[in-house]
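For reference, the structure discussed in these notes is given below.
As written, the chains take the letters A, B, C, D and E, and residue 1 is the first residue of each chain.
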Amino acid sequence: MRETNSGAAALMSQPPLTVSDRLARKALRNFKERVIELLLLGAASVSVLTTVGIIWVLVSESFNFFSNVSIWSFLTDTMWTPLFAEPRYGILPLLAGTLTTSMVALVVAIPLGTTIAIYLSEFARPAVREVVKPFLELLGGIPTIVYGYFALMVVIPLLQLLIPDLSGFNMLGAGIVMGIAIIPYVSSLAEDAMRAVPMSMREGSYAMGATKLQTAFRVIFPAALSGILSAYILGISRAVGETMIVAVAAGMQPNFTVNPLEPAQTISAYIVQVALGDLPHGSIGYQSIFAAGLSLMLMTLALNLVGHVVRRRFREAY
Amino acid sequence: QSTVKIDGSSTVFPVTEAVAEDFQKSKKGEVKVTVGISGTGGGFKKFCRGEIDVADASRPILKKEMDACAQAGIKYIELPVAFDALTVVANPKNAFIKQLSVEQLKKMWEPDAQGKVTTWKQVDASFPDAPLKLFGAGSDSGTFDYFTEAVVGKAKASRGDYTASEDDNVLVQGVSRDVNAVGYFGYAYYAENKGKLKAVPIVNKEGKPVEPGPAAVLDGSYNPLSRPIFIYVAEKSLEKAEVRDFVTFYLKNASKLATEVKYVPLPAKSYEVALEHVNKKKLGTVFGGEPEIGVTIEALLAREAKL
Amino acid sequence: MKSEDIPSIRKIIRRNKRLELFFAVAGFLALLVGVLTFVALFAQMAWSGWERITPDFFTNFPSRRAGQAGILSAWVGSLLVMLVTALSAVPLGVAAGIYLEEYAPKNLFTDIIEINVTNLAGVPSIVYGLLALGVFVYTFGFGQSILSAGLTLGLLILPVVIVATREAIRSIPLHIREAAYGLGATRWQVTRDHIVPYSLPGILTGVIIGMSRAIGETAPIITIGALTFIAFLPESPIGPEFPWVNFEWLKSGFTVMPIQMFNWTSRPEEAFQQNAAAAGFILVLMTLAMNAVSIWIRYHVRKDIKW
Amino acid sequence: MRPDKGVAVKASVENFSFYYGDFKALKSISMPVHEKRVTALIGPSGCGKSTLLRTFNRMHDLYPGNRYEGTIRLHPDNTNLLDPAVDPIEVRMRIGMVFQKPNPFPKSIYENVAYGLRIRGERNRSVIDDRVKEALRGAALWSEVEHRLHDPATALSGGQQQRLCIARCLATEPEVLLFDEPTSALDPIATASIEELVHELRDKVTILIVTHNMQQAARVSDYTAYMYLGELMEFGETNQIFVNPKRKETEDYITGRFG
Amino acid sequence: MRPDKGVAVKASVENFSFYYGDFKALKSISMPVHEKRVTALIGPSGCGKSTLLRTFNRMHDLYPGNRYEGTIRLHPDNTNLLDPAVDPIEVRMRIGMVFQKPNPFPKSIYENVAYGLRIRGERNRSVIDDRVKEALRGAALWSEVEHRLHDPATALSGGQQQRLCIARCLATEPEVLLFDEPTSALDPIATASIEELVHELRDKVTILIVTHNMQQAARVSDYTAYMYLGELMEFGETNQIFVNPKRKETEDYITGRFG
C-alpha cells in the first residue's frame, strides 16, 4: 500500500452525530418522504382514474342505449343499421368485421414482426440494427389516414390483379395494410425482449456448435417468450382498435361475414363515422357509439387479462 | 380581439371557409373566424348550447333541435346560402346507363332491396345481367338523409349493403374503378372528377332526363336531387358587430364564392331578401322542423317573403 | 463426435447452414417489406407534395385555393398540443413508473394498477376521444381547446411512458440501489440521484415513441373537435413581462397536422391532394426530427452509464 | 490477530433469528462484535453469512416479506438496531457496507465519494473536497485517482472500484463497516490490497467481514464466527478457532475436510 | 498429476496473437495441449487466460472487431482452427465449453442436455434418451435429477447447474473441453464436486481449464501455463511449475508474493 495511515486517522477524528440530532432530522425526513410517496401514488392512480373515466363515460351512455335496445338483440341480431329508418342494433356484423380485419392483420404482422425481430436481434450487424430500428418505429408515426389511402390506392388494386373479382373495398386489403402498420409495435417490443436475453445464453448455444438460426429459435425465442407475448398482445389490441385504415379501405358496410374478400365495417370505424357525422347528440344512434365503444373496450380488456395470465406463466428465468 | 365561431356541416364548409378567408383578409386580421366540421347535427348541438355564433347546415333545422334551442333560449335567423345538387354517378366506361328514374333508384336503394337486388337486370329488364355495386354517403350525413328522403320517400330508409363513406373521395375512387358501380354524392366532387366519372341524368317530375349543373339547378329542372344549404345565425350573436359584419359579408359574397367552390349560387334576389331578414331580425325557420325535398328557389323565396 | 466424424459433421453443418441462409433471406425480405413501405409512403408524399413545399406553405393559413393554402396553424397547433402532451404525460408517467417500480408494495391495488396500465396501452385511441369529450370538454369545461387535446393525447401515451420508465428502472441493477441505500440514502434520494438519472435514456425513448404516435393521431382529435379552418395563431406562450409565460394559448381553438391533412384529402379538388401529401411529408419529418433528437440524447446520455 | 484485553463491545447480537418469508434463514444467533476489531463470518455457502451481515444495516428492509426476531444492540447508546421504531436510514447512516461485486455509481469518482455527504445535507464545497480526499487516502486510492477525480468511476479496474466503494463508505465516517466477500470478484493483486486496507482500517473502525476463503479470514480477522445452516456453530478469537476449534464441525470445515 | 510419457498432443498453439480491435491481448503464444490431460491456464486477472481459452472454440467470432494471428492446430487431422476457411461451427462442434457462470438454457433439464444432439439433427428419441442419461452420469448429476428430468433447469442449485452445463457438453462427445473458471461462482462443496468431476473426465477428454485459484490448478491439472500481460511466461508439467518454476515471475505469483 502506497498511502500512509494519516488520511484514515484524520478521517475518524470528528465526533459522530448525536442521537437527538438524528431524531430531529428523522421527523422532517419522514414527512418529506411521505409527501413524495403520496404524490407518486397520485400519479400512478391517474391511470386507474383514466380507466374508471372511460368505463364511466361508456357505461353511462350505453345505459341509455340499453334501456331502448335489449342486450339480447344487441348480442344476437345480425344486422347493424342503427342510423336507418328501421334501425337494427346487432353488434355481430361489426364484431365479425373487427375480428376478421384483425385476423388478417395478425397473419401479416406476427410472422413478419417476429421474423424482423429475430433478424434484427440475432442476425443483423449492430450498425444495421441501430439504423433500421428507429426507421421501423417511424412506421408507427405515419398518420394512419396515409395508410388508409395506401390500402385503397395501391394494395387493393394489386390484390385485384391476383383475385380478379375482388371488390374495391375489402377487409383483406385493409387488414394487410393494418398488419404492416402494426409491424413496428410487434417487432420493436419483441426485439427488445430478445435483446434482453443475456449474452451468456447465446454463448452457451454457440459454444455447442449451434447456428444463429438454431440459437434464435431454440434458445432466444423461448427465453424471451413472455416479452414476445406482450408484444403480440399489444399488436392485437392495436389491430382491434385501429380506425382510420379500415374506415377508408374496408368499405364501411356492416356485413355479417368473416370472408376477408368482402367489405365490412369495424367497431372503431363505426365510431369515427358517427363522430365525424351529423347525428344529434343524445339520439339513440349517438348512444350506439358508446355501446360499440364499450364492446371494443371489453374486448381489449379480456385480451389483456388473458395476456396477463399467459405472461405470468411464461415469465423469464435465465 | 373579437372572434366569430362557426361549426357544422361538412357540405357547407367549403363555402363558409371561402367566406371566412376573405372576410379575415378584408378586416386585416382584426377579427378571428374559426370554422369546424362536426356535421349538421353536431353543429346544431353546439349552436343550441350557445357555444358558437353560426351553424352550417346542409338541411333545415329539425324539430328536436328547434326544441333544444328554444329551451336554451337561443333564437336564430335561417339563411339559405347556396344550392347543392346531389349527383348520381357511374363509371365512364359503363355503356348501358343513359339515365335513371327515381323509381329505378328506389329499386336499387330501398331497404327491401338488401341482399335481393344484386344485378342490374333486376333494376330494369333492359339492363344487362351485371352485378350491381353501390356507393353512397355514410348513414349519418345530411346527404344520406336527403337522398333517401328524395328517392325512397322516407329519410334514412336505405339498404345497408353498400359501400359508405364520409369521405366522398373514397366514393369517387370506388366508382371510378368499377364498371358496374353507381354512387351518389355532392356535385362538387363530380365537378372536380369529370374525367373519372359520368353523371347520370335523372328523370325529373316532368319526365325529362336532366343532367346536374348550375343552370338545371337554378331553373328547377334538376329535381328532386337539388337542395338548398343554409347557415343559421344566433340572434344574440348578431348584437356583436363582428358577427353582423361577417354575415353581411357572407351574403354579399356568397354568389361569387359558392361558384368558385363548385356549388350553385342562389339568384341575386335571394341574397337581398336574406340580408333584409338579417337587418330586420326575422327569426325562425320556414320549414317547420320537417325534412323536405325538391324545394325550388322560387318556393323558398316565396316562403321567406312571408316570414 | 470424434475427429474421424468430420465429414459427417460437415454434412450436418451444411444442412443447418442452408436453413440459416433461408431464414436470413426471409428476415431480410421481411425487413424490406417494413422499410420499403415506409420509404414508398414517404417518397410518394414527397413526390406529389414536393412542389407545395415552399416557405409560404409554412407561413400561410388554410385557404380555399389550394395554391395559397398553408399549414401555419396546423404545425403551430401540433407543436403546442405536443407540448401539453409532453408536459402532462412525462411527469405523470415517470412518477407512476417510479411508484410502481420503487415504492409500490405488492398488493391488490398495485396489481390492479399494473394490469390497468397494460390494458390502457391497448385501448383504442378513439375510446380516449370519447372519454375526453365527456370529461375534459364538458365536465371540466376546457372546451375544444389545445389543453383538452394535449391532455387527451397525454393520457393516450401515458401507458407507453409508464412502461418505458419501468423497463428502464428495472434494468438498473439491484446492487446500485443497495449501494445507495447502504450509505443511508432515503428512498426519495435514491430515486432522485440514481433511479431517474440512470433510467433517463430509456424513459426518453419511450416518450419519443409515444409522442411519435400521438402527433399522427386523428381519431381522438376528431372526436373532441379540432377546428378545420383557423387562420390565426394562439397567443404566444411567452409573455411580454414577468413571469414571461402566458397561459391564454391553452384555451385557444386549434387545428393539428393530421386534421389538416384529413380535411385536404377529402376535398374534391385534385390540387388539395398535393397539399395533403406535402403536409404528410412534413408530419413525418417532424416525427423523424423527434426521433433523431431522442437517438442523439440516448446516445450521449447512455454513453456515461454502465455498470 | 491482536489480544482481546479490555476490548469494548460495539454491537451485541442477542437471540437473533431471521426469516425470508416462511424460511428461517438464521436461528437464534447470539454473539458480540468487538469495537475496532475485525470479525470474520465464515461457513459454507448458504449458511446465512450474508443474511446476518445485511441485517446490521437493515438491508432486508428493502424487500418485502422479511422478518427479524431478537435484538442487535449498538453500543455505547444501546440502540436496538432492529427496533421497528428505529429508522433504518439512521442505522445505515451509522453502519456502512461494502458489497461483493464492486458497485460504484455511474458517476464521477469524486461524486461517488461525495455522495454520502451530499445525502447528509452537506453543501459546503470545500468541506466535501477535503472529506473526499481524506476518504480516498483512507482507502489507499488517492494517488491513483488524484488527477482524474472527474473521470467516470466505471473506468476504474475492479480492484480500484472496490477501494472506491470503501472510500465511499469511509467518507461518511461509519461506526461499523460491513464487508460481504469484498474480494471474491477480484484478482489476487487487488485482493491483497483490499486485505491490507482492512488491516489498516481496523484501528479506526469496527469491521465485520464475510468471506468463504478461510485463509483470508485467518489473515485479516481478530474474531471469527463459524456458521452452518443458519446457526452460529462457534465464535471466538480467530487464533483459537483456527488452531484449536472447540467443535468437531468447525475443525472439519477449516481443515477442508468438508465444504 | 500423471507422468508425461508418450502423451500425444491434441492441439498446438503456434505463434498465436490476438487483438481486440487495436488492443493486442495475446502476444505470440506457443504451447501444446496434451491429449487426455488437464492443462490449466493461470495468471493474474486480465492476463488473457479467458481470451486464449475462448479462441479454442472461436467464441471471439461472435463479436466484431476481433482478430486472430498465428495458428492453433488440432490433431490428428492437423486442422488450423483459426483458418478463415474453417467454419467456426465445425470447431465448436468438436470443442465444447463450460463458462464461469452456469448458463443453462431456460428449458427442462432433459432438453438442456439433448440440445447439442438436436442441433446435430438427431431425431431418434431413444438415442437421445440414452445419450442424455450417459452425459448426466458422466457429469455426476444423474442420481440427483433422474426423477425430475423435465423440471426447468433453472430450478437447480448453482453447482448442479454447472454440472448440467458440463453434461450438456459431454452429450456431444467433444474432443476438447474448455472450462473458464468453472467454480468461481460456486460454493466450496459445489467446487469440490466439479473438481472431482474434472479429475474423472480427464481419462476421456482433453481438458483446458482457466482458474485464478492456484490451489485448484495444482489439484486438478497435469500441465500448467502461467500467463502474464498477454504473454505466456512459462509452460510445463504442473508439478514442475509449482515445485520448481524456471522463472522468477512464476515463482513470485505462485507463492503469493505477487497477485
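Going forward, contacts are C-beta pairs under 8 Å (C-beta built on N, C-alpha and C of every residue); 3 or more make two chains touch, one makes a residue touch a chain.
A quick map from chain label to UniProt name: A = Phosphate transport system permease protein; C = Phosphate transport system permease protein PstA; D, E = Phosphate ABC transporter ATP-binding protein.
Computed from a predicted model, the values in this text were never measured in an experiment.
The chains that touch chain B as well as chain C are A. Note on connectivity: the fewest steps through touching chains from chain B to chain D is 2.
Using the mean of the Cα atoms as each chain's centre, the chain most removed from chain E is B. The interface with the greater count of contacting C-beta pairs, when C-D is set against C-E, is C-D.
Chain centres here are Cα means. That of chain B falls 84 Å from that of chain E. Annotation: 40 Å between the Cα-based centres of chain A and chain B. For this pair, chain A with chain E, the centres built from the Cα atoms lie 46 Å apart.
Annotation: 14 Å between the Cα-based centres of chain A and chain C. Residues of chain D found to touch two or more other chains are 89-90, 93-94.
With touch defined as above, residues shared between interfaces to two or more other chains in chain C number as follows: 13, 16-17, 186, 265. In chain A, the residues that reach two or more other chains under the touch definition are 29, 209, 211, 214, 276.
Touching chain pairs in this entry, ordered by label, are A-B, A-C, A-D, A-E, B-C, C-D, C-E, D-E. In the complex of the two chains, the chain C residues touching chain D come out as 105-106, 173, 175-186, 189, 193-194, 198, 304-307.
On chain E, the positions that touch chain D within their shared complex are 44-46, 184, 186-190, 192, 212, 253, 256, 258-259.
Considering their complex, residues 57, 59, 62, 64, 89-90, 92-93, 96-97, 99, 101, 103-107, 115-116, 118-120, 152, 154, 165, 168-169, 172 of chain E touch chain A.
Residue ranges of chain B in contact with chain C, taken from their complex: 5, 7, 10, 13-14, 16-18, 20-21, 24, 29, 32-38, 42, 51, 166-169, 186, 188-189, 191-193, 257, 260-262. In the complex of the two chains, the chain A residues touching chain D come out as 1-3, 5-12, 14, 16-17, 19, 22, 26, 29-30.
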